[in-house]
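As written, the chain order gives the labels A, B, C and D, with residue 1 at the start of each chain.
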Amino acid sequence: MRKIRMGMVGGGQGAFIGGVHRMAAALDGQIELVCGAFSSDGERSKASGEELYLPAERVYTSYEEMFEKEAKLPEGEKMDFVAIVTPNHVHYPVASAALKAGFHVMSDKPATFTLKEAEDLAEEVKKSGLLYGLTHNYTGYPMVKEAKYMVASGAIGAVRKVVAEYPQGWLATHVEASGQKQAAWRTDPKRSGVSGCMGDIGTHAENLLEFVTGLKVTEVYADLTTFVEGRLLEDDGNVLIHLENGAKGVLYASQISVGEENGPQLRVYGEKGSLQWDQQEPNKLTVKWLDKPREVLTPGGNYGYYCDRTASSTRLPAGHPEGYLEAFANLYVTFAEQIRAHLAGEALPEHTLDLPNIDDGIRGMKFIETVVKSSAQKAWLPL
Amino acid sequence: MRKIRMGMVGGGQGAFIGGVHRMAAALDGQIELVCGAFSSDGERSKASGEELYLPAERVYTSYEEMFEKEAKLPEGEKMDFVAIVTPNHVHYPVASAALKAGFHVMSDKPATFTLKEAEDLAEEVKKSGLLYGLTHNYTGYPMVKEAKYMVASGAIGAVRKVVAEYPQGWLATHVEASGQKQAAWRTDPKRSGVSGCMGDIGTHAENLLEFVTGLKVTEVYADLTTFVEGRLLEDDGNVLIHLENGAKGVLYASQISVGEENGPQLRVYGEKGSLQWDQQEPNKLTVKWLDKPREVLTPGGNYGYYCDRTASSTRLPAGHPEGYLEAFANLYVTFAEQIRAHLAGEALPEHTLDLPNIDDGIRGMKFIETVVKSSAQKAWLPL
Amino acid sequence: MRKIRMGMVGGGQGAFIGGVHRMAAALDGQIELVCGAFSSDGERSKASGEELYLPAERVYTSYEEMFEKEAKLPEGEKMDFVAIVTPNHVHYPVASAALKAGFHVMSDKPATFTLKEAEDLAEEVKKSGLLYGLTHNYTGYPMVKEAKYMVASGAIGAVRKVVAEYPQGWLATHVEASGQKQAAWRTDPKRSGVSGCMGDIGTHAENLLEFVTGLKVTEVYADLTTFVEGRLLEDDGNVLIHLENGAKGVLYASQISVGEENGPQLRVYGEKGSLQWDQQEPNKLTVKWLDKPREVLTPGGNYGYYCDRTASSTRLPAGHPEGYLEAFANLYVTFAEQIRAHLAGEALPEHTLDLPNIDDGIRGMKFIETVVKSSAQKAWLPL
Amino acid sequence: MRKIRMGMVGGGQGAFIGGVHRMAAALDGQIELVCGAFSSDGERSKASGEELYLPAERVYTSYEEMFEKEAKLPEGEKMDFVAIVTPNHVHYPVASAALKAGFHVMSDKPATFTLKEAEDLAEEVKKSGLLYGLTHNYTGYPMVKEAKYMVASGAIGAVRKVVAEYPQGWLATHVEASGQKQAAWRTDPKRSGVSGCMGDIGTHAENLLEFVTGLKVTEVYADLTTFVEGRLLEDDGNVLIHLENGAKGVLYASQISVGEENGPQLRVYGEKGSLQWDQQEPNKLTVKWLDKPREVLTPGGNYGYYCDRTASSTRLPAGHPEGYLEAFANLYVTFAEQIRAHLAGEALPEHTLDLPNIDDGIRGMKFIETVVKSSAQKAWLPL
């Protein structure tokens, strides 16, 4: 037995999400970072690698070089998979190249720059026989898994209404003009895609909602707005939604909601009960019932009423809060489990199948492109 | 000096909102109930009056009788105003008759059964020179007044986005089939009007939003649904909204949101700050800022940073929670102040002008009729 | 049938608690204020009565005059009971005189100035055959009644530990030096008694704790402190407590806890479950269980699991918050029920017996005198 | 530059805190686990090491063997420090042996089994010139550091009152009888020491309180109780405390508070403001002021009003919750910084000095022994 070996593309000095992926991968001691092409700027890549205590020969100046050289290393040494943490426009080329070179892929979201790319990538994943994970990290929270389980088990009855919100406030002013790196690429159509807010965080809301309810969004009516003058992509969007079973809902995302830090929140109303989860207090799942007092579920209890998956996604006893990184780490440790099964030539364990994959990537890209069109055309559009 | 004298139409045994109006009117010792026509059923009206310790001769069997007889009583005895607490379809005829008989009117919302009636009533109020108040009671909360003041004073900058919610769960099943009185008339188009949920509680959300922001809703796109089989009016509605200054928003109301008790909640996002208020924790106003820590305002403090109106709407020191009835009473005590000014032949005091009136009634009826049409036509419609 | 008639001693202009009693008495339409001696200053008493719309002849300049003259009025006119809302040192003489004159008494707490007075008063109440209520108002909250019921019914098992807190911050500076009326008498040993903080609010904590658990405090070890220089009575106290069944606990009260508004909070831990209630969010009772998820109970639901007394103490449907005044009003409406029974020559209805009475008054005075002694002697003392 | 190398004593299969230390050490990529003696049972130690992907030759069957063999490894390979995660009675011998063998020590708390041992250990640390860290992990939370900073900077004025609570409910029944491993040693005087609850969690409360206020507890009066029949150590304790500057307070810890998960909470009241922090919502620090609205501080904002140490203890942007493991990891990454400075022959960086050390260990042991004595003697005792 050995640790699974990870390479990384992107995530050099000054980046945000690269560090998140590294901490998430490291937490459970199942994965080790062995190499990286951390920046398209060779010097920055080298410096980043050194900070991460990587040997100089495993720090590359491009992903092409990395895949080529890693592929030639002996089995006991070369990386097993690549983590892609670049801006959106680079997701597809890197993922595609990694698969061609025989490496599994763990990609930040959205999967690609366009829906077309996502569909192509799905084909390539399928053809390759390799594994592809997508870090829709909010699915990694134990209480989100519990919510999914409660819906699936029928505990709250048929879903009627959903409300998915994702407010942030960090783009309430024209920060990209100041050169802030995170803001700059996220508001740049050339690097972010056709959408700003909906692509960056609206997709998280969409994914969370479909993950928990197990229902597809079938139609959307969107109203997107760019509030900050000079910004090139929308920074706020309100969307009416219809789900496949006749349920209705509201989904909104915003980056100009002053004072909101990072607020994904989901409410699911069924015929017998309802669920409420707020990422900023992630260790609570509030369950409201038709005919009995509301309950507040927390992870780590010994009560025996949680699904196994909630339990296996929790590291600590009740009352020891786990957060964003732990949820993110749940995706990585699940991906490591999948890779171990793959290495052993076994089928992926049932419980690991909740890891978002390229199909979720396609859903996300469809969502992005459809809400942009719906808002422009002022029309309900199918998803 | 004397107490202001109130008569009541509706609110007999088994009713809900009539009792609320009576407690609200009684709380501050400014108003006394002197007569009533509590039910169209004469026996029930008599029994109700007796329970309220009214002398038998001031308990009437119809509002027509009440207005006629009260009008003939001497000045020192007859009622000053009538409180209308009947189902919606009776609001207009009673209000109209009261004005004709020379009595001020305090009416439950919505103002009338149709927009046309509301417009007629506005004319009649104007012509009569009498006072008309509408119990959009959520405007009575001190922290709602503080929110209105903060927006008006520019503290949070220009409003960009609003989210107004009003979820309830009490109609999640077909309770009207069981004869539950409150449910029966609210789901009956003949007594409630063209709308169920939006008329009953959606209008509160709309009123609260316009009250706090001081901005008109100019356009709506609605998606209304009847979830409970056999129900005759919609029990859920999601609405995209545009405000006059270019702000955007979401407004939704629901009566099938299982486990939600009575959840009006408003969020207003400005360029510099944002406000959040939840009726179920009414003594907190959360203010989030662009560049400093969030604050939680509460009524009754001695800090000197509240507007006078917030202070004058608060009866108790900080930490002594006031609730729904106190907010409701703030409308009544304001109406009593208006009547005193009227009796004295003076202009209405500036601070009493925040009492919702027939103009708000028209807004509400427009809102109801427009969201119903918008949903049917699948179109943005002006308000 | 008629309203119960209340006279008032104290509560003139500038007072706080007098207005609270009047609003509480008025809310439910069962009691009318008919007379008063609102101040020992005759002019202020007259002015106060006028503001309250009382006829001049029922506004008295002393309680002695009031009792004498009211006693001579005809049955259909004279007051039924007196509400005592003066500073502490006057409670006993007024109550004693009222009983002698044949009037029931509703008194603000603490019952008297000394324990000796309370014991004398208990004798006088007993001898008089009249009714005596004490406004330990926190017992009036529906969720406090539910908590009491849950303990009594055995739902949470034998009580092991209690934590009763009552922090306030309003006396964190030397405000009495500025002449603030509320602060002035509460920090004056001649008007407040041997204790400041513990007498004013510590007794509420003690009463709440005994009310909910149904258990007597048997021993205390207190550590009282005067933090503000120049203050004559303690403004903070921490107390270890033992209960009659072997349970242990902590009780503290403070008036120098900066930023705390009015924070009575109670936690009761039993062998099978525990209860938590916070006066500043009074419509929630959190119940935590040994072996199932925590629940949040709220008043007004239709669930059928509340005790009847909780239900009968609630005026509004779920989600319509009731607060401090409604809880206070529950004491008054209960007292009115007792008086009606007394007028009818019937036994007091079982459910009205939760109104605090002179026995609670004795407990409170014992508590005050014992914690003061315990702190001075540094010793556990029996209560 | 290289990672710091950690060996571990204790923490084999079935243990709880060992895994916590490993995750905390791994999170930031600064430390690698290189060896361990995970259990006094050789087979279990081997199996544990294998699960952790350690080479067989670095998995030892006793700490003596580990120190002896590691000491002989070349500089570039041998461990830098040992993490001690055994039951309490083994802390001292392992720490002492590690220091003798030239290894730095990171120890779980309490530092030792007796106060005498802690004092001896302090001598040994001093003599050795090596580093010693103690995992009072709650000091690692960013908002705890911010609280410490706010007190130290005078923002809330002189401290007057503190309330430190640590309720848990997991020992509310006689679980040690069932052989539950965590419960078994914590309730066994031979492995836990003279105290159960106060040693296990009361010390955390004491440490947190002294850490944040910067004030020493000078006197305690304790009331300890064993509620569960058959248990050998106390499972609940209430303590009155005096601080060196004249402040007063309450500290309690409990393991029988049914339904409480893991609830350290601290309130500090100063002359101008007060602070409230609750470990179960660790990313909020509520600040209440004498003369302005209360504020809620959160980590990760860009506001510029936090102390540098709060910022450097935060990995993620605002709204991305960090939890228990991240706080724990802050201790490890600080210890790694200290070791790097030691390796470089430099003084320990100022900001790393907030890592609890052997002096805190002595405080903790004094606290434990003093509260046990105080409760037995029913006397205030100096600390």
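Basically, a residue touches a chain if its C-beta (ideal position, glycine included) is under 8 Å from a C-beta of that chain, and two chains touch if they have at least 3 such contacts.
Since the structure is predicted, the reported quantities are computational estimates derived from the model, not experimental observations.
**Q** What chains, if any, are shared contacts of subunit A and subunit D?
**A** Touching subunit A as well as subunit D, we find B, C.
**Q** If I average the CA coordinates per chain, which chain comes out farthest from subunit C?
**A** When every chain centre is compared against subunit C, the largest gap points to A.
**Q** Just how far, in Å, is the C-alpha centre of subunit D from the one of subunit B?
**A** Distance between chain centres, rounded to whole Å: 55 Å.
**Q** Return the distance between the CA-based centres of subunit A and subunit B, expressed in whole Å.
**A** From the centre of subunit A to the centre of subunit B is 44 Å.
**Q** Need the CA-centroid distance for the pair subunit B / subunit C, whole Å please.
**A** Roughly 34 Å separates the two chain centres.
**Q** Residues of subunit B that touch two or more other chains: which are they?
**A** 260, 287, 294, 298, 301
**Q** Help me check something: in the complex, which residues belonging to subunit B touch subunit A?
**A** 156, 160-161, 163, 165, 169, 172-173, 221, 223, 225, 227, 236, 238, 240, 248-250, 252, 254, 256-260, 267, 269-274, 287-290, 294, 378, 380
**Q** Note which residues of subunit D are touching subunit B in the complex, please.
**A** Contact set of subunit D toward subunit B: 287, 291-298, 301, 303, 305.
**Q** Flag every residue of subunit B that touches subunit C in the complex, lowest number first.
**A** Interface residues on the subunit B side: 1-3, 16, 19-20, 22-23, 26-29, 33, 50-53, 168, 170, 260-263, 279-283, 298, 300-301, 315-326.
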